[in-house]
Amino acid sequence: MQGPLGLYNYWIVIVLMMTGFYIVIARPNLIKKIVGLFVFQTSVFIFFITMAKVEDGTAPIIQEGVNLYSNPLPHVLILTAIVVSLATTALGLALVVRIRESYGTINEDDIHVQDEAS
Amino acid sequence: MIGLAFDILSWVSLLIGAIFLLVGAIGVLRFPDFYSRLHAVSVSDTMGTALILVGLMIQGGLSMVTVKLLLMFYFMIFTGPTAVHALAEAAIEGNVKPFARKTGQ
Amino acid sequence: MYIVVSVVILISITMGLVRAYRGPTLYDRVMAANMIGTLTVLMVSVLGFLTGRPEFLDIALVYVLISFVSTIAVLRVSANRYGTARDDATGSAQE
Amino acid sequence: MEHLINIVLLGLLMLAGFAIVRTKSLLAVAMLTSIYSLLSASLFVVLDAVDVALTEAAIGAGISTILMLAAIALTSDEEKAPRHTPLLPLFVVIATGAALIYGTLDMPRFGDPAAPAHRHVAPTYLQDTPTAIGIPNVVTSVLASYRSYDTLGEVTVIFTAGTGVLALLGFRPRRRNTEDTGRKKLVILRVVAKLFFPLILLFALYVLFHGDYGPGGGFQAGVIFATGFILYALAFGLSNSQQLIPHQLLYVMAAAGVLIYGLVGIASMLLGGKFLEYQVLANDPVTGQHVGILLIETGVAITVAAVVLIIYYGFVSRRPAPGDI
């Protein structure tokens, strides 16, 4: 596809990214926020993998008789990024569990009210 | 000639499998209550999956690919019904009521 | 032929997604997620043949396992959360 | 034709994202997140990133979802409506999105083989891997050999996350028989789990050692390994699965994996090479690369498996009542 239409993939990814961003900033529930972060992260992964794709290329595992491969470098970066996303998700959820134990709620608005009262 | 026969066999298998998947999905979308929808899921879970995998196996021929497909077949034939069974049991426990016709109380 | 099958699978995934969104009960959503898992497995297998590199079936195998384990996990959580009194009775009787 | 599948999958992802925003029940949100992750993993297959697809399926759709479920089990399920109007966030989001879309206008079109990203180091990796490293999977060769410093950092991040969760949630060992062992309704699940448990572990080993030749590697293998134990814990209860693999052993394993990785680097220094330069590990440079990659992938798998299990046990053992997840 030629012209600006060849960019449709990036645009949809940006819409996805903004969906995650919206959840993070607009929703008061802390677990929902982490889900939003997860959605955001996943769309960033899709963005990178989109950039790695080469038209008519194939997966970067060397095979006889194949000449054109997709770019392996973004794949490596994203592979490790996915593992880091697991680490951040786990830590975030652990923090949410602790917040729930000390505040009795996971709603951001309620936590603010409690903080101002004390 | 033999090759063509195998091709036709696998295509028929793939097509019928695809029809089963579609029927199951329509059932999931359209059926009125949870338990009948669960019934529809099992159509695509067993018959559709099996036929599509068999079709792919015929295409794969005698190779590592077919071994992996067989392994997948083995896994799916166990996981699908187990998951559906667990779902039905959890739904009964969670007090999901079956659909009853409104007029014939 | 592979194209036809993958299009059918994509249509089915769409229907499953609509069911997962509409609910109405949690179990409907779990069921839809489970179905989408199965369909994704099939689509990845078909895609391998479509692109001419069917040796990537390992991915599909992982999908089978993962969708099964996450279905079981959500059912166990919901059983602990919404489970009826029967659940607690057996639990405490054994203690 | 692949364009069509690509567009449809992206459309489904948007649908799933929209559903996540609109849904109130958090358990349903976790389910939708799992679907979102599975869909993006199949998109990765379409876009040729098979290794990434494997990782995303195992981590995104599997472990992350299970952790979210465990956290929801510890907190609450329903989401309250926000106190503020969503107008300001909506405005911020639309403005940011518009700016980002404006930014993409200068990007090379999708799939352009002449894009700058494909010109710099990637051709070297693709060309040299068969001769210098001797394995077909370029992603593994870049991950474990060319950029092994990065991966060492990554393993350390995972280790740190495990330590962090341990510090936050701790670990409360269960007494035996406080759990509902022998409940009738779990019989079928238990039979299937017994059947699958060894197969999953075997498959994890296959993914680990086949990672040089196909999609797979240490990270994925570790996660699949942990998934096997999680399935066991779901079917047989936490205390039984802890008899299978005691948590002290997990602490040792988490540290041992990182240590194996670092020691491979130091061994190659002692043998006269640079840090993590595998060529010196054997007489033949290509064999040396093989040995080095296999060793560090094993280290990665051990750490990842142990940390995922530590995190999972940390969440689950915090539940006071006799419950399993």
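Each chain gets a letter, A, B, C and D, in the order it is written, and its residues are counted from 1.
Basically, contacts are C-beta pairs under 8 Å (C-beta built on N, C-alpha and C of every residue); 3 or more make two chains touch, one makes a residue touch a chain.
Remember, it's a predicted structure, so these values are computed and weren't measured experimentally.
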Centre-most chain, if every chain is reduced to its averaged C-alpha atoms: D
Which of A-D and B-D has more C-beta contact pairs: A-D
Cα-centroid distance, chain B relative to chain D, in whole angstrom: 28
Rounded Å distance between chain A and chain D, as computed from the means of their C-alpha atoms: 13
Separation of chain A from chain B, taking each centre as the mean of its C-alpha atoms, in whole Å: 31
Distance from chain C to chain A - Cα centre to Cα centre, in angstrom: 21
Contacts with 2+ other chains: residues of chain A: 58-59, 63
Residue numbers of chain B (touch at least two other chains): 75, 79, 82, 86
Junction residues of chain D, two or more chains touched: 30, 50, 70, 72, 189, 196, 214-215
In contact (per the touch rule at the top): chain pairs: A-C, A-D, B-C, B-D, C-D
Residues on chain C engaged by chain A in the complex (per definition of touch): 51-53, 56
Chain B-touching residues of chain C, taken from the complex the two chains share: 1-2, 4-5, 8-9, 11-13, 15-16, 18-19, 25-28, 30-32, 34-35, 38-39, 41-42, 45-46, 49, 54-55, 57-58, 60-61, 64-65, 67-68, 71-72, 75, 78-79, 82-84, 86-87
Complex contacts: residues of chain D adjacent to chain B: 185, 188-189, 192, 195-196, 199
Residues of chain A defined as touching chain D within the complex: 1-4, 6-23, 25-29, 31-32, 34-36, 38-39, 42-43, 45-46, 49-55, 57-63, 68-76, 78-80, 82-91, 93-98, 100, 105-107, 109-110
Chain D to chain C touching residues, read off their complex: 1-2, 4-5, 8-9, 12, 15-16, 19, 22-23, 25, 27-28, 30-32, 34-35, 38-39, 41-42, 45-46, 50, 53-54, 57-58, 61-62, 65-66, 69-70, 72-73, 77, 177-181, 183, 189, 196, 200, 203, 206-207, 210, 214-216, 220, 224, 227, 230-231, 234-235, 319, 321-325
